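Structures are listed in the sections that come next.
Look for chain A in each of the two complexes below; its partner is chain B in the first and chain C in the second.
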Partner chain A sequence: MSALFRRFGSLIGMAAIVVFFALALPDTFMTARNWLNISQQISMLAVVAAVMTVVMVMGDFDLSVGSMASLAGVVAAVLFVQGWSVPAALAAAIGVGLIGGLFNGVLVSVIGILPFVATLATLTVYSGAAFLVSDGKTIFGRDIPATFSDFARSGMALGDIDGRPAIFPALSLVALAVTAIVWVVLEQTSYGRRLYAIGGNAEAARLAGVPVTVLRLSAFAFTGVGAAIAGLMYASRVASANPVQGDGLMLTAIAAVFLGMTLTENGQPRVLATLAGVVVLGVLDNGLTQMSVDSYVREVLVGAIILIAVSASALGRRGLFGR
Partner chain B sequence: MTLSLQSLSRRYGAVLALSEVSFDIRPGEVQALMGENGAGKSTLIRLLAGLERPDTGQVLRNGKPIALGGPADAEAAGLRFIHQELHVVPALSVAENMHLHHPYPTRAGLVRWGKLRDTAKRALARLGLTHIDPDAPMARLSASDRMLVRIAATLITDGPSPWLYVMDEPTAALTGAEAERLFDVIGELTASGAGVLYVSHRMAEVLRLARTVTVLRDGRHVSTRAIGDTTESQIIADMTGRDLSADVPDRTVPIGTSPLLQVAGLTTATLGPVRFELRPGEILGVAGLAGSGRGALLRALIGASPRRDGTVTMGGTSLTRTTPPEAWSAGIAYVPRERRSEGLMMHRSIQENVALPHLGPLARARVFLNRKAEARMVAKRGAEVRLKSAAPSQSCDHLSGGNQQKVLFARALAGSPKVLLLDEPTRGVDVGAKHDIYRLIRSLGDTGMGVILASSDLPELLGLSDRILVLHDGQQAHLVDNTGLTEADLLTLCYTKEAAA
Partner chain C sequence: MSTKPYRTAIAASVLTLFASGALAETVAVITPYLAQPGTQFYVEAFEGRAAELGWDVNVIDTGGDVAAVISRIEDVVTQGVDAIVINVDPAQVGAGLQAAADAGVPVVGMDAGSDPLLVANVTSNGYAMAVETSVYVANRIGGAGNVVMFTFDPFPPVQVRGVIADAVFANYPDITVLDRITPDVSDGGIADSRAQMEAILAANPEAGSISAVWAAWDQPALGALQAIEAAGREGEGIVITGIDANPQARDAIAQGGNFEASVAQDFAGIGATAADTVARILAGEDIVASVIYVPTVLITSANVTE
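Moving on, here comes the complex of A and B:
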């Protein structure tokens, strides 16, 4: 029983949160429409958290994802203003993400700066670049092409729910697709296995013939691209772009990965566990908002729940519970 | 004042590291403690330092038993320990480092920096170390000066002054001139009445400094002789004498003729030049004292340290810029010395550890993991190396040292390499696993694989090797056929510098 609790305690806690809101909000929480809504609310976070998992698997992390998301959003918007077509502008914005990610990778793996320091610096660089590109202004209204902003409102038709037509949001589909790709890469390819090996023991991996430098570099590039995609999703959803709109994603994404790590056997980052962490954070946000809990109180509660989950998991691993 | 060790024994699992060891240590002189790796020197020091407790036996000071329950007891008994790896705080000054184990002198809660410096300065002066500035940051000092500062710091004490210093390979990281300074300080210490238990592999130092020499072998006390009554060859004879012939089966297949691996002029930052050829089925031993570059040679061959000069040729093709991925794919496999830090991903499964270098060839379409093929590989190689585990999914941190080593062997063999590099393959491994590993190495040689075996265990080298390469300070000193070679011969080669190569 205690072993079960150690293994699944976190999962039970997460289920308890859902049950709590289901009881507290009997009419509105456990509805298909609300869950579709949650899925769209968390879609950007899910993408950033999934690609954050890729670097965290190696024991690294990337603090620049939030400002990269903002930068990608304003780059696309500015290119729209200059008359670029939607596909071209999106490709350019994702290209910025790729270059930014590669730059992080070079700093961390070739030059050998600690990821914390390197990506803290690039966080500032990318954020400053976003202000420069956008001139510090929000780009919105007629400057944003309808085909771009309509994407976030579109989706897969699910037929009528409660007499009204319902859709599975396109942004949620993108999030699922990114998560699925990351899952395949991390769990089903030798590339992913090697990333886990670097996280397990970088020196041993190097001596066993794993090209550590190249892999770390490429993983950061992966994360940069993912962050740019999340920034574009955000811009599409709000039909505008400003140089700070993605900034909040970074800390929440890292929190989601840590929450997910409390679910896994050895406390390793796994992308499906990360997704569970994202869902819990999304449910908390949604449920507490519906209960009209003040947004400042909400932040305190979310932080406290993360701390409880991670502490319980750390104590469990040290055998203070049960055994 | 005399310290008497009485029948000290300590067992680790199946290994009896120290067995009924008794001898006396006297003040006012240097007593050398010698023995090969695994002879029990480290265990003895750990017992004296209170880091571990003996299973049986006791330590008497002037006939009275002393408690050795922890480091504090050893300190109260007047013992001080100088290890080769010193714990210093590089950012703090010399004087502050000297006070790490004592309260800083204070007045009204504020540190009296002047007194702190004076105390440090006086302690340094007592050992004649006037060239060290107590205000200098520790980071700026050489390795030897750091050690001398540590020794001087032991003179700052509130209780009775220390009377016995235990020095473990103190000159391992020092140059000749730096060692001279240490010897002067040791002279000062003994002149002031303190004793020194001096652990070293370096014969010349021992013969020069020590008044008595105690030799351990296989955890047993062999001899304690006055330096005037013994000779270098006598000490070597006392240290050696282990017989492994029962453990190591004889070669059954002759060595091939065409060279498999050719190394010429191989040079790295700490090594070389080294030149040798390895033939199919040959086992080449690499011998040398601690720090002579045994491990560095293997690291250069697997591509872990950059090559400055020289060529490495495998079966006719030259390996240009060797990196570990290149070396592995050329058919070189490596079992590193440090299982935990260099070898295994401790928290990952046996299967993941074994498959790691072979993921590419195993994968479907070179990309997708093929867990079934991995499992077959682990089953096959695990059986070959006699790995005992519950399941391939078992995490490596739950395995014994011997089985962890076998996981690394399974990993190295899984790609059917042509050349196998082994660095201290039986270090920290129990007797049974050792036996398995010896048989395995022999059988690999018989299949035509070339093996390079770096080891500090001389009987192991003599039992398995066809030829032995002896390194001295990173340079190739001897390359000898292992026919009729005795352990004493080999140890003598390790001690002598004349390049015969």
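Moving on, here comes the complex of A and C:
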């Protein structure tokens, strides 16, 4: 019993949160429409958290993902203003993400700066670049092509639910696709296994012939591209772009990965566990809002729940709950 | 361990939720900008009026995150609130407004901007604000003299102010508009307005050749004031007016110099009127006028300290 709790305690806790809201909000929480809403609300965070998992697998961080998301959004919007087509502007914005990610990778793996320091600096650089590109302004209205902003409102038709048409949101599909790609890369390829090997012991991996420098560099490129995609999803959802709008994604994404780590057998970051962490954070926001819990109390509660989950997991691993 | 007491507790809390939901109307106020002083005035006044009406109000602040405003609108629509009030550009939260419209939940804007998906937007009347100051200028200079105007037509809310001042001054045969200046606002508007005003002062050196400066917002008025004081011409009785009554403008008016008047928006009035508008909608009234104006207040030395 206690072994079972130690292994699945976090999962039970997460399920308990869902059950609690299902009981407290009997008419509205466990509905298909609400879960479709939640899937859309967490889609941007899911993408950032999934690619954050790629670097956290190696024991690294990328603190610049939020400002990269903001930068990608304003780059696309400014190119829209200059008459670029939607696909060209999106490609350019994702290209900026790739370059920014590679730059992080060079700083961390080639030059050898601690990821915390390197990406803290590039956070500031990318954020400043976003202000420069946008002139500090919000780009919105007629400057944003309808085909771009309509994307976030579109989706796969699911027929009628409660007499109204329902869709599986396009943003949720993107999040699922990115999560699936990261899952395949991390869990099904030797590339992914090598990243886990670096996270286990970088020196041992190097001695075993793993090209540590190249792999770390490429992993950061992954994160940069993912952050840019999330920034574009955000810009599409709000039909506008400003130089700070993606900033909040970074800390929440790291929190989601940590929450996910409480689920895995040996405390390693796993992308599906990260997704579970993202869902829990989304469910808390959704459920507590529906219960009219004050927004500041909501923030305190979310932070406290993360702490409880991580503490319980840490205590469990140390065996304080008995063996 | 028995789970029974726990289950009873949950059931009790669920019952409480139901009971409170059945008694009162629930209204959600959603904004990314609660930390800003103006927004706090709106929201406090809204809550005050809502308390009188006996509503359950849930104020949701997303801390600057506009996408989260959409998410929270979706959540409260799912929750089944009776009405939603937003204080954010409606064009940016269109996805959320559509969700509310699909579910038949009315949304009212609190100084949010107009949008077909809002039942109404409660705000200040830019035309009326310009009437207050341009008429003040005309009366103060006895309907005769040369007036310098600072306007900014590229920004629609300020453009409407200029249109009104044009009409008022044109209605006085003895008032001449000496110049209609559009200052460069990239540095906030004060510095370039000051430079432009200095040029005009140099071109019109005689005392009395400039009777008044009418500015469509406070920054150019403050720039003109600096230019007049720097040129040592503050004793010529040049009347300056601005609009918005920002703290710097209030200071200048209180000092009793050339800057004589500005117009203040009634933030608390906007909040209370937003609540009244929600009440009308909940009572089943069809809101015909989708923009609802709250009167503004002319600020002069007589009331600047209030």
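To be clear about the criterion, the second predicted complex is superposed on the first by the 323 of 323 C-alpha atoms of A that agree within 3 Å, B and C clash if a C-alpha of one lies under 4 Å from a C-alpha of the other, contacts with A are read in each partner's own complex, and residues count from 1 in each chain.
Please note the rule applied: contacts are C-beta pairs under 8 Å (C-beta built on N, C-alpha and C of every residue); 3 or more make two chains touch, one makes a residue touch a chain.
If you're wondering where the values come from, they're calculated on a predicted model, not measured in any experiment.
Chemist: After lining both complexes up on chain A, report clash or fit for chain B versus chain C.
Modeler: Overlaying the two structures gives chain B and chain C room side by side.
Chemist: Could you look at A:Arg206 and tell me whether it touches chain B, chain C, both or neither (first, second, both, neither)?
Modeler: First partner only, chain B.
Chemist: First (chain B), second (chain C), both or neither: which does A:Thr264 touch?
Modeler: Neither partner.
Chemist: Once the shared chain is lined up, is A:Phe20 touching chain B (first), chain C (second), both, or neither of them?
Modeler: A:Phe20: touches chain C, not chain B.
Chemist: Please name the chain, chain B or chain C, that touches the greater number of residues in chain A.
Modeler: C
Chemist: When the two structures are overlaid on chain A, which partner does A:Tyr191 contact: first (chain B), second (chain C), both, or neither?
Modeler: first
Chemist: Nearest CA pair across chain B and chain C in the overlay: distance in Å?
Modeler: Shortest inter-chain C-alpha distance (chain B to chain C): 35 Å.
Chemist: For chain A, which residues lie in the overlap of the chain B contacts and the chain C contacts?
Modeler: Touching chain B in the first complex and chain C in the second, no residue of chain A appears in both lists.
Chemist: Using the touch definition from the top, list the residues of chain A that touch chain C in their complex.
Modeler: It is residues 20, 23-28, 31, 33-34, 37, 40-41, 44, 138, 140-141, 149, 152-153, 164, 234, 237-240, 244-245, 248, 285-286, 289-292, 294-296 of chain A that touch chain C.
Chemist: Quick check: in the complex, which residue numbers of chain B touch chain A?
Modeler: 302, 304, 323-325, 327-329, 334, 336, 341-348, 352, 355-357, 359-360, 362-363, 366-369, 395, 411
Chemist: Can you check the complex and tell me which residues of chain C touch chain A?
Modeler: 10-11, 13-14, 17, 26, 28, 56, 58-68, 70-72, 74-76, 78-80, 89, 91-95, 98-99, 102
Chemist: Help me check something: in the complex, which residues belonging to chain A touch chain B?
Modeler: 187-194, 196-197, 200-201, 203-211, 266, 268
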